[in-house]
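Structure in structure tokens, see below.
Per-chain residue numbering starts at 1, and chain names A, B, C and D are given in the order in which the chains are listed.
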Amino acid sequence: MGVIASLPEAVAELVRDGATVALEGFTHLIPVAAGHEIIRQGRRDLTLVRMTPDIVYDQMIGAGCARKLVFSWAGNPGVGSLHRFRDAVQRGWPAPLQIEEHSHAGMANRYVAGASGLPFAVLRGYVGTDLPVHTATIKPITCPFTGEVLTAVPALNPDVGIVHAQRADRAGNVQMWGITGVHKEVVLASRRSLVTVEEVVDELDPRPGAVILPSWAVTFVAEVPGGAHPSYAMGYSERDNDYYLAWDAISRDRAAFTRWLEEHVLNRVPAT
Amino acid sequence: MTGWTADEMMTVAAARALRDGARCFVGIGRPSTAANLARRTHAPDLVLIYESGTIGAKPARLPLSIGDGVLADTADAVVPVPEIFNYWLQPGRIDVGFLGAAQIDRYGNINTTVIGDDYHDPAVRLPGAGGAPEIAASCREVIVIVKHSPRTFVERVDFVTSVGYGTGPDDRAKLGLTGRGPVLVITDLGLLEPDPRTAELTLTQLHPGVDAARAAEATGWPLAVAPSLRVTPDPSPAELAALRLLERQD
Amino acid sequence: MGVIASLPEAVAELVRDGATVALEGFTHLIPVAAGHEIIRQGRRDLTLVRMTPDIVYDQMIGAGCARKLVFSWAGNPGVGSLHRFRDAVQRGWPAPLQIEEHSHAGMANRYVAGASGLPFAVLRGYVGTDLPVHTATIKPITCPFTGEVLTAVPALNPDVGIVHAQRADRAGNVQMWGITGVHKEVVLASRRSLVTVEEVVDELDPRPGAVILPSWAVTFVAEVPGGAHPSYAMGYSERDNDYYLAWDAISRDRAAFTRWLEEHVLNRVPAT
Amino acid sequence: MTGWTADEMMTVAAARALRDGARCFVGIGRPSTAANLARRTHAPDLVLIYESGTIGAKPARLPLSIGDGVLADTADAVVPVPEIFNYWLQPGRIDVGFLGAAQIDRYGNINTTVIGDDYHDPAVRLPGAGGAPEIAASCREVIVIVKHSPRTFVERVDFVTSVGYGTGPDDRAKLGLTGRGPVLVITDLGLLEPDPRTAELTLTQLHPGVDAARAAEATGWPLAVAPSLRVTPDPSPAELAALRLLERQD
């Protein structure tokens, strides 16, 4: 019911070891602060779900939170590879990482099915690629009217869905605008959810392009200004492209990463 | 010495391949640079569509990611990610899909997933598929922009992330893919096009100062060469100026 | 490519005898003027598709345009039955009317499949009802992951999709807001389309809740102020509830209906 | 004489059945009147959801249709029609589905399609299903509001538009329906509830001044009557005032 809580409280309540957790945000409104709080709380064995695991998932994987990654594109957008992700996949550091790999179209439709209370979704996808060879969650399905064979993917219903948004009102209704990606879908598909917001306001005045999540569709709301950094919240901040560029060097080296983690996540107490 | 780099030539050649008014599904990096250059030169009405859900974006500076605010700010419409794939890409509404590659093979199949024979123990783990498999399947045609090297142009990709022509000219129809597939591969050396009969990527054009032997050396299979090779016209001053302005703003 | 045309030109170009035509608008932005133009042009044997055939379809059916109706709720909203529809179904006047009957959820998903380039859609629906007994376009489908049996319905891809909207710009980009129903889906699902608009403007300034159809996704745009009457266009007009109430008496009687049709449709020349 | 009509009693009883804060999928007509009355009396935080896509509508006057502008103007969110069915109704997020009926049978099955035995040559062609089949299937529970008469309360509906309990208590589970089904039928004479063992609609409450015999006469099957019948409290002056104000504005 859109209960307004602190970030540490909400994460402690929602995220348990072994849970399936999706932090979403398609380059915009990524809940990075929530990811750092999960690291600080020392969660382990998570199945992390995200279309575009980028810096925040590189950090969570490097910190040892993850047992498995369900994804469709794991990179540092516009920069290159994710070195903590590669280290985990190729060398098992700090822990082996299972992967379940899809395309964007498949992942988006898996969330749609999850949000829709359906066990699967249908798309034109994957055909002729090597993805179905390695990913068990891609199967053919036949149209009962035309006989045409298409592709089915199973619903994603994470235990916890986490996104960042611009604003909420005091009743916990959430408002977001700009590139909203799969924000609505992941919140609706997940059993419980957390939305971190730039600010809690008295009233959500209408905005062009705004998407609303009613309070009763959200479990917790936490006010975390700047909680999407280094991604951005349109109307509040700009994408910190320098941070993305700098991450490449930090993340290439285990020691440099470990120092960064200590300094910027583990020893930092959230403001709320 | 020419007054431009091979990279600039590649981007200019890619921009020229986009006709004005076309709807173009743009990957980030070189495809985005080329598409934005086209919009600033001969194709002001090119419709740029990014998988982040921005339709008709008109960025004044190059975005670093497919989700930069400048794309949403300037778009005709911003739609959710499921919608961009389901309502706009999948039904074949997009004229051109514009992709990069880590590996590409003689039938235009693309790998952006793993280098090495063992998916579970890869030599190099790449980012993966993103939107590419369905872009390659459903756009009416696909243009690939990629630097020419034997490590990139391989006989057979280690992993088929996005289908070109599979193993030959009939595979797309057999697979039920609705788009035509890769009609053009633009490199820093020249242009490759699928042979109309065999679907094999064939050298059809060279950039100024490049010869066919150099392209063949940079290709990991015995490169077929068209009987009469065209030569790419030099980048015009206007093209170069527009490109450099774009990249300086990056 | 969102060509701006007059309503008679666009209808003449798009709607041919025997075509499958969907006029949509979920109580709001119903393209009534376009329906009247189809009547005036004397079209016959149309397969009319619409979730909520209401007054405009009662008029088109009474005028003899339709051979078949594909629908999910045929009534005069808040008033009662559609008498011309009933007369056609029960007594074959002025022509027999075949029906293909669905639920709203089914019809909405059929348009979604059509807009998505898929041959069918999956939903939890119809189970235990008598609809599948009489409607061939409802079939079971099994989830390839869970074995659960759900319901499939085939895509709707009308020859022509017609909706009303608030505005377009001179390039033919369309903007609509308020209850947008299945407007986007029917335009995208149809082979060709017509959007009638309250006005053509120089620039579409952003509006909260606005849906945009880019020019290249629309075939024709026609400026028809008041073209949704007696339904409404939020920001331009109010729903004419009295007209809906008055329709009940007009439509009960064949002679009264025929007089109304002569006076209000056949002998009226559109302003454009 | 009472100071209120049977219709008013029915609407007030229906309004009372809605608990504050519940999410209610509202059909037009009596369900909408009752739900709006509830919001003005004991349930100010009732969330009204209409199939036109308006979530959290707070109309100041009664809408004539499910798509009146007042619903969109006052809603927390307006979503496309496919979304209201797929994302909001289908997964079981809605607490109460509030339906009317042309016929209802002893297992709470509803007909709004055709009267008569022959679907293709009906005695009366009704509007059809609309959103009702999936509302009846997927809402956590269903409340029906319908006037009591033997033509309406029939042994077996001519056409099952929306499933109640099918042919008995196990059918919903067998059919895989996720919601509980009709938990309450409110008429102008009283309340019927499904017997916990047989799922048969059973008279459990009478409105003031009505006796069980009258309800039995108005029912087209041998009406089961609960051992101890409750009596509906009279409409309060506040309820009546709010209802009359609502209906005057209509």
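In this text, a contact is a pair of C-beta atoms (placed from the backbone, for glycine too) under 8 Å apart; a residue touches a chain by one contact, two chains touch by 3 or more.
For each chain, UniProt lists the protein as follows: A, B, C, D = CoA-transferase.
None of the values given here were measured: they were computed from a predicted structure.
Asker: For the chain pairs A-B and B-C, which is connected through the larger number of C-beta pairs in contact?
Answerer: Taking the two pairs in turn, the one with more contacts turns out to be A-B.
Asker: Quick one: report the Å distance separating chain A from chain D, using the average Cα coordinate of each chain.
Answerer: Roughly 40 Å, centre to centre.
Asker: Measuring centre to centre with CA averages, how many angstrom lie between chain A and chain B?
Answerer: That pair's centroid distance is 28 Å.
Asker: I need the residues of chain C touching at least two other chains; which ones are they?
Answerer: 112, 117-118, 123-124, 148, 184-185, 209
Asker: Give me the residue numbers in chain D that touch at least two other chains, ranges are fine.
Answerer: Those would be 86, 90, 138, 178.
Asker: If you go through all the chains, which pairs of them touch?
Answerer: A-B, A-C, A-D, B-C, C-D
Asker: Within the complex, which stretch of chain C touches chain D?
Answerer: 26-28, 51-52, 71-75, 77-79, 81-82, 85-86, 89-90, 101-105, 108-109, 111-112, 123-131, 133-134, 148-149, 178-185, 209, 211, 231-232, 234, 238-239, 241, 244
Asker: Contact residues on chain A for chain C in the complex?
Answerer: Per the stated touch rule, the residues are 117-124, 137, 139-141, 143-146, 148, 150, 152, 154, 206-210.
Asker: List the residues on chain D that touch chain C in their complex, please.
Answerer: Per the stated touch rule, the residues are 28-29, 51-54, 63-69, 71-73, 78, 80-82, 85-86, 89-90, 113, 119-122, 124-134, 137-138, 159-163, 166, 171-172, 175-178.
Asker: With touch defined as at the start, can you tell me which chain C residues reach chain B in the complex?
Answerer: Chain C reaches chain B through residues 112, 115-118, 173, 184-185, 188, 212-214, 216-217.
Asker: In the complex, go through chain D and note every residue touching chain A.
Answerer: Within the complex, chain D touches chain A at residues 23, 47, 55-56, 76-77, 86-87, 90-93, 138, 178.
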